[in-house]
Each structure stands twice: as structure tokens, then as C-alpha cells.
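In what follows, chain A forms one complex with chain B and a second complex with chain C.
After this line comes the complex of A and B, so read on.
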């Protein structure tokens, strides 16, 4: 049968950011795929060498808008590790609070986009309506809906008092009520969603491990790997178990994220209730020297920062390993064999973030 | 760094094959420009990511590094990136973008090399 190459993207309604997939097709069936990136590479790793190391927090926050807090957290943890800084306990709990808030709004953003990709507009609107509550909490506690910018080297720059914590709990209760009523039952029971996702874009456990998938893409294939298991910030005190599904298809990856939204909600409530009194930051003096690898679990998966300091105000090297960069190879086995009409849903199922990927 | 070994270019493929035999997952790789040579650090993950192992290789600037993408296909993207950003020569990349993966034609070439400010 004759083969046709169809350029999918870089501008496509399902992609919030530009990426192209060169799809090799036999009739409507995909037989090969080549990813094409490079539309929004900004040279952030180079810029990080030219900035004073303290200013890099703001740069890292702008690697990606959606997971900006995680980038800053990973960077600050790396510098703190290198400079042997002990972050106050309260700051570690506050970091968990904003990290999980970021995960919730990221997963909700993605879930809305997924619903939109197969034309389920009412679900898209319900999910983004619920997401507004999370963004309101973010704005109330950090002053910004998306880029919270609360990390500093040595802790955080904002605190949450008792009154604000009470308000957060009320808003989370509202969110849970809305999610229980209009989101979860739809995801679990609606035949349209299952028709478009069950059995689509299968990634087996062995493939996921060999292709070094990360995050919900990996956990949806039955691998219990999550950087929060390494107990950074306050995850040791709060406790954490990864959410795993075993089917390896687009529906499994959806379930992992939906369950993680609820898990994040529980973690936030625990963080607020267990948060000790005390300082929110320590003063850090000196300049970083040495090499460290810092890792956190971003909404899309493991984020790796390699940081090398040379004892000056500027870093020698900052290498950023992002989850979408790690998950793109998985598409090379998920897509072949599927129908052309399933490409948008399967591609979205890795929750691609191209700004992160290209830096 | 903890759990780091330094190997020669000739030993690299054997060490990476050992990582595969131990069911290690590939994390990423970092390239460093040390003026007279490159250093490449391959980051691997063991025990579902709880532990890391780093393999460091030193390479003369005019030398060629063998690709590990025939063992870990997922390493092809980062190898392409290293070629493009550092002008490092890597042979046998499973999916070779020929230095056109991230940078546009009019972009500065090899921007992460020292002295490219």
C-alpha cells in the first residue's frame, strides 16, 4: 500500500504549543512517526550561565508557565544542596503546598484540553470552571494565579496564616464538591471518553522503562516511580504513595492524573494541618561551588536539574532535563498502529509541554 | 557526585550495556565544555528512580563519541541536542537530526560552548 507523510502541526487546534509530528500513514493507519521540535527554543540554559545565580530563580520559573513553581523549586533545592543550606521546616511544608497546587491546576488544564480534543465541550468547561477555584487559591496565597514565584534560596518568600489556611480549606471543599459532582463521574462512566481513550496509544511497562518515560505516562504503564518518593521538601513527614495504573493506554494515563488531583488535594490539607510554626527562610550567603543533581516531580514527570557552581556569582553550567523531552520517545511506539483520528488524543495523553521541552 | 564513575570513551558502551542489564532507566545527559575538552555525564536511574548512577566520559574536542542510542533509543534526542549546542561529534545516533533539531537556521551556532556569549 502506498504511504503518505502527513505533517501534523506545528499549528494544530489540539496543541497549545507548537510541535510537529511527521506521520507516515497507510490509508488512515499510522505506520511511522518522526517528531519535529525546535519552534520555541529560547536558550535558557545559556542565559542561566550569564545571570547571577540568585536571579536564575526567575529565569527557571519562566522555562514553563504551568509548572513554573516546580522549576524554581528544583533549582533552589539544587543550590541549597550545593551550599549545605538547611531550609526551615515550615518553608518545606509551604513548598509542598504550592507544588501540589501547581499539580492540580496543571492536571486540570490538561483534562480540559483532553475533553476539548474530542469535542466534549461541556466537560472542558466544567473542568476549567473547577480549575478557577485552584487558581483563586494560588492568587490568594502567592499573589499570582500561575507563576507563584514564592521560592527563594533558603526557603519561601510568603507565609500562609491561620485565617488564610481556613479560607483555603473552604475553597478546596468547594472544589471537591464540584469535582465529585461533575468531573469524576464523567471520567469514570462516560462511554464517549472510554471510546476515545481505552486501548489507544498503548505503552507497555517494558517499553515505558526502556524509553525512559516519566510521570503519569510511566505510572499509567504500571511503574511505581515518582520523585516525591525521594522525600524532598516535606513529603517524608506528610507521607506519599504513587498512583499507578497498569493498562498503559490513554485512559490509564487519564485516570492517573484524575486520581492525582484528589491526592494533591489531600496532600495540601495535610500540609496545612501539619505545618510547624517557625521561620519561612534562612539567609544564605556565599557562592555555590561544586556539582549537584536535583530532582522533583513536576505534573508531567521527573524534572532533573544538573547544577555546577564555580565559586563565583555565576554558574558554570545549568542543565535542565524536562519530562516532555523524556516522554517524546514514547510517542514513537504509542502512535504506530493507531488511526489518524486518534493521534490528537494519544499525543495529548503524554501532556506535552513544549516550552519545557525546548527550554 | 554520589554514585559516579568515570570511564574512557572505549569503555562507555560496555558500561551503558551494564546499566541496561541492571534495568536502569536513562535519565538524561549533561555536556560540559571544559575549554580543552568536553565532559559528558550520563545520568541513569535505578530502583524506580530512587537511586541515580552517573557515568562521566572525557572527550577531546576533535574526537568522536559513540552514540548510546542503539542501547537506549531515548538517548537520541539529548545526543542530538549535545551535537547542536556544543559541536560535539557523536557517531551512530539512532535518529539523527543533523544539527537541526532545536536551533533555527539563523540561530547562533553551538551556543552552549564557552566563549559564545
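After this line comes the complex of A and C, so read on.
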């Protein structure tokens, strides 16, 4: 049969960001995929060598606006490791608080986009309405809706007092009520969602391990792997169990993320109640020397920062390894064999973040 | 004002293109469309097709791989059209000013009518920018 190549992107209604997939089709069936990336590559890694190492936090936050806190956290943890700085325990709990808040807002955003990709407009609106509560918490505690910018080398910039913690708990209860009422039952029971996601874009456990998938894509295929198990920040005190689904299809990945929203909510509440009194930052002097690898769990998976310092104010090398880049090989296995109409849903099921991917 | 010009200003259609931003402004643009801000009540609809669009919302700085795509989209839009740049990095290059792959602000590639600063710009600011753009659209630029 004759083959047609259909360009999907770079400007496409499904993605807020530019990526191109060259879809090779036989009639309606996909037989091959070639991804074209690089449309929003900025060269952040090089720019990080030109800025003083303390200013790099602001640059790292803008690798990706959705998980900006995680990028800054990973960078700061790397530099703190290198400079042998002991972060105060209150700062570690506050870091967990904002990290889980970003995870919740990222997963909700993704859930809305997924609903939009198969035309479930009302779920998209409901999810984004619930997400505004999370953004309000973020604005109240950090001063900004998305780019929290609360990390500094040696701790955090802002504290959460008793009154604010009380308010956060109230708002989270409000969010939970909304999610329980309108989001969770729809995801679990609605036949149209199952029709579009169950059995679509299957990634088996062997493939996931072979292709080095990360994050919910990996956990949706039955592998219990999560960087939070390495107990960075305050995850050791709070305790953490990864969420795993075994089916490996788009629905399994959806379920992993929906359950993670609830898990993050519990972690936030625990972090607030267990938070010890004390300083929120220590003063850090000197310049970084040596090399270090720092890893955190981003909403999309494992994030790696390799930092090399040479004793001057500028870093010698900063290498950022992002989860979307690691998940693209898995996407190329999921797509062949599916129908053209399923491409948006399957592509979204890995939660692509092109800004992270291309840096 | 004839009825076409009037309806264009009453119900402008948007085209959104991410030129290399960090995603922060893009999700705030999407937030404008959802229940809390809901610009759809003013007849503003987000379109995927440049041929249908009146307002081009661009986020992020121009860079080497995508300035052709941006130019292409701009040229495909019918006249009259206005361009709104959202975010500090789209206005001047901002935090990415010394990245090697960046050309600078969007105005180095296409003519810009409204600049919305902020990193990331808040939905209120974006709506304000679009309203300013509407004035320009109404006056036929």
C-alpha cells in the first residue's frame, strides 16, 4: 500500500508547544514515526556557564515553567552537595511542600489537556477550575502563580507561618472536595474516556525498561521506580511509596497521575504538620569546586543535573537531563500500529514537555 | 464601521504560537480560556488555524530553528491582524538574553503591536494586552 507522510506540528492545536512528528501512514494506520525536535531550543546549558552560579537558579527555573521549582531544587541540591552545605530541616520540608504543589498543578494541567485532546471539553474546564485553587495556594505562599522561585542555595527564600498553613489546609480540603465530586468519578467510570485510552499506546514492562522510560510512563508499565525513593529533601521523614499500574496503556498512565495528585495532597498535609521550627536558610560562602550529579523526581519523571565547578564564580559545565527526552523513544514504540486519530491522545499520554526536552 | 469590522472587534479569534518560552506564559494563556478568567465570554476563541485568526499571541524569544515557522504563520494570517507578545523573554530576550541560540525579542522577526511583560505574565495582564490589541484592530491599525 502507498505510504503518506503527514507532518504533525510544529504548530498544532493539541500541543501548546512546538514539536513535529512525521507520521508515516498506510491509509489511517501509522507505520512509522520520526520526531523532529529543536524548535524551542535556547541553549540554556551554555548560558549557565556564562552567568554567576547563584544567578543560574533563575535560568534553571525557566527551563520549564510547569515544573520550574523542581529544576531549581535539583540545581540547588547539586550545588549544596558540592559545597557540603547542610540545609536546615525546615527548609527541606518547605521544599517538599512546593515540589508537591508543582506536581499537583502539573498533573492537573496535563489531565485537562488530555481531556481536551479527545474532545471532552467539560472535563477540561472542571480540571482547570480545580487547578486554580492550587495556583492560588502557590501565589499565596510564594508570590507567584507558576514560577515560585523560592529556592536559594542553602535553603528557601520564604516561610509559611501558622495562619497561612491553616489557610492552605482549608483550600486543599476545598480542592479535594471538588476533585472527589467531579474529576475522580469521571476518570474512573466514564465510558468515553475508557474508549479512547484503554488498550491504546501499549508499552510493555520489558520495552519500558529497555528504552529507559521514566516517571509515570514507566510506572504505568509496572515498574516501581521513582526518584523520591532516594529520599532527597524531606521524603525520608515523610515516607513515600511509588504508585504503580501494570496495564501499560494510556489509561494506566492516566490512573498513575490521578492517584499521584491525591498522593501529593497527602504529602503536602504531612509536610505541613511535621514541619519543625527553625531557620529556613543557611548562609553559603565560597565557590563550587568539583563535580556532582543531582536527581529529583519531576512530574514527568527523573530529572538529572550534572554540575561541574572549577572554583570560580562561573560553572564549568551544567548538563540537564530531562524526562521528556528520555520518554521519546518509548513514544516511538507506542505509536506504530495505532490509528491517526489516536495520535494526540497517545502522544499526550507521556506528558510531553518540549521546553524541558530541548532546553 | 461596517459589520465585518464590527464583528471582528466583537469576536476576535486567537492563534497561539510558542516560540521558545519556558511554558509558563503558555499555560497562563490556556488559563485565560478556562472558567476562572473565561475570555470566551467576550467572544474570544483560541483557534489552531492561522487563516482564521485575527490576533497572534506569541510567547518566548525568537530563535534560529523557529523564526521561519513564526514568519510563515504571520504571513498566513489575513489582514487586518495584530501581534501580541506575552512574557518578558518575548519582549526583549529577557532571562535568555545570553543563550547562544536566541535571536532576541519577537520584534526582530515580525512587527509587534502589544508587549505584555511579566515572567510569567499573569492572566489579567494577558487579557489586558488582548484588549489593547482589540483597540488597534477596531481602528484598522
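Here is the rule we go by: the second predicted complex is superposed on the first by the 359 of 359 C-alpha atoms of A that agree within 3 Å, B and C clash if a C-alpha of one lies under 4 Å from a C-alpha of the other, contacts with A are read in each partner's own complex, and residues count from 1 in each chain.
The rule is simple: contacts are C-beta pairs under 8 Å (C-beta built on N, C-alpha and C of every residue); 3 or more make two chains touch, one makes a residue touch a chain.
As the structure is a prediction and not an experimental result, all values here were calculated from the model.
Contacts of A:100 after superposition on the shared chain: neither chain B nor chain C is touched. When the two structures are aligned on the shared chain, A:145 is found in touch with chain C, with no touch to chain B. Contacts of A:10 after superposition on the shared chain: chain C is touched, whereas chain B is not.
Contacts of A:42 after superposition: chain C is touched, whereas chain B is not reached.
Using the contact criterion defined above for the overlaid structures, shared-chain residue A:109 touches chain C, although it does not reach chain B.
Residue contacts after overlaying the shared chain place A:80 against neither chain B nor chain C.
Contact with chain C, but none with chain B, is seen for A:59 once the two complexes are overlaid on the shared chain.
Contacts of A:18 after superposition: chain C is touched, whereas chain B is not reached.
Contacts of A:230 after superposition on the shared chain: chain B is touched, whereas chain C is not.
Within chain A, the residues touching chain B in one complex and chain C in the other are 38, 41, 43, 46, 50. Contact residues of chain A toward chain B in the complex are 34, 37-38, 41, 43, 45-46, 50, 209-212, 223-227, 229-230, 291-293, 295, 302, 304, 306, 308, 316-317, 319, 321, 325-326, 328-329, 332, 358.
Listing the residues of chain B that touch chain A in their complex gives 1, 23, 25-28, 30-32, 41, 43, 45, 48-50, 52, 54, 72-74, 76-78, 85, 95, 100-104, 107, 111-112, 116-117.
Contact residues on chain A toward chain C in their complex (touch as defined above): 10-13, 16-18, 38-44, 46-47, 50-51, 58-59, 61-66, 68, 109, 112, 124-125, 128-129, 132, 135, 144-147, 353, 355. The part of chain C that touches chain A in the complex is made up of residues 16-31, 34-36, 48, 50, 60-61, 63, 65-66, 69, 73, 89, 95-96, 98-102, 119-120, 122.
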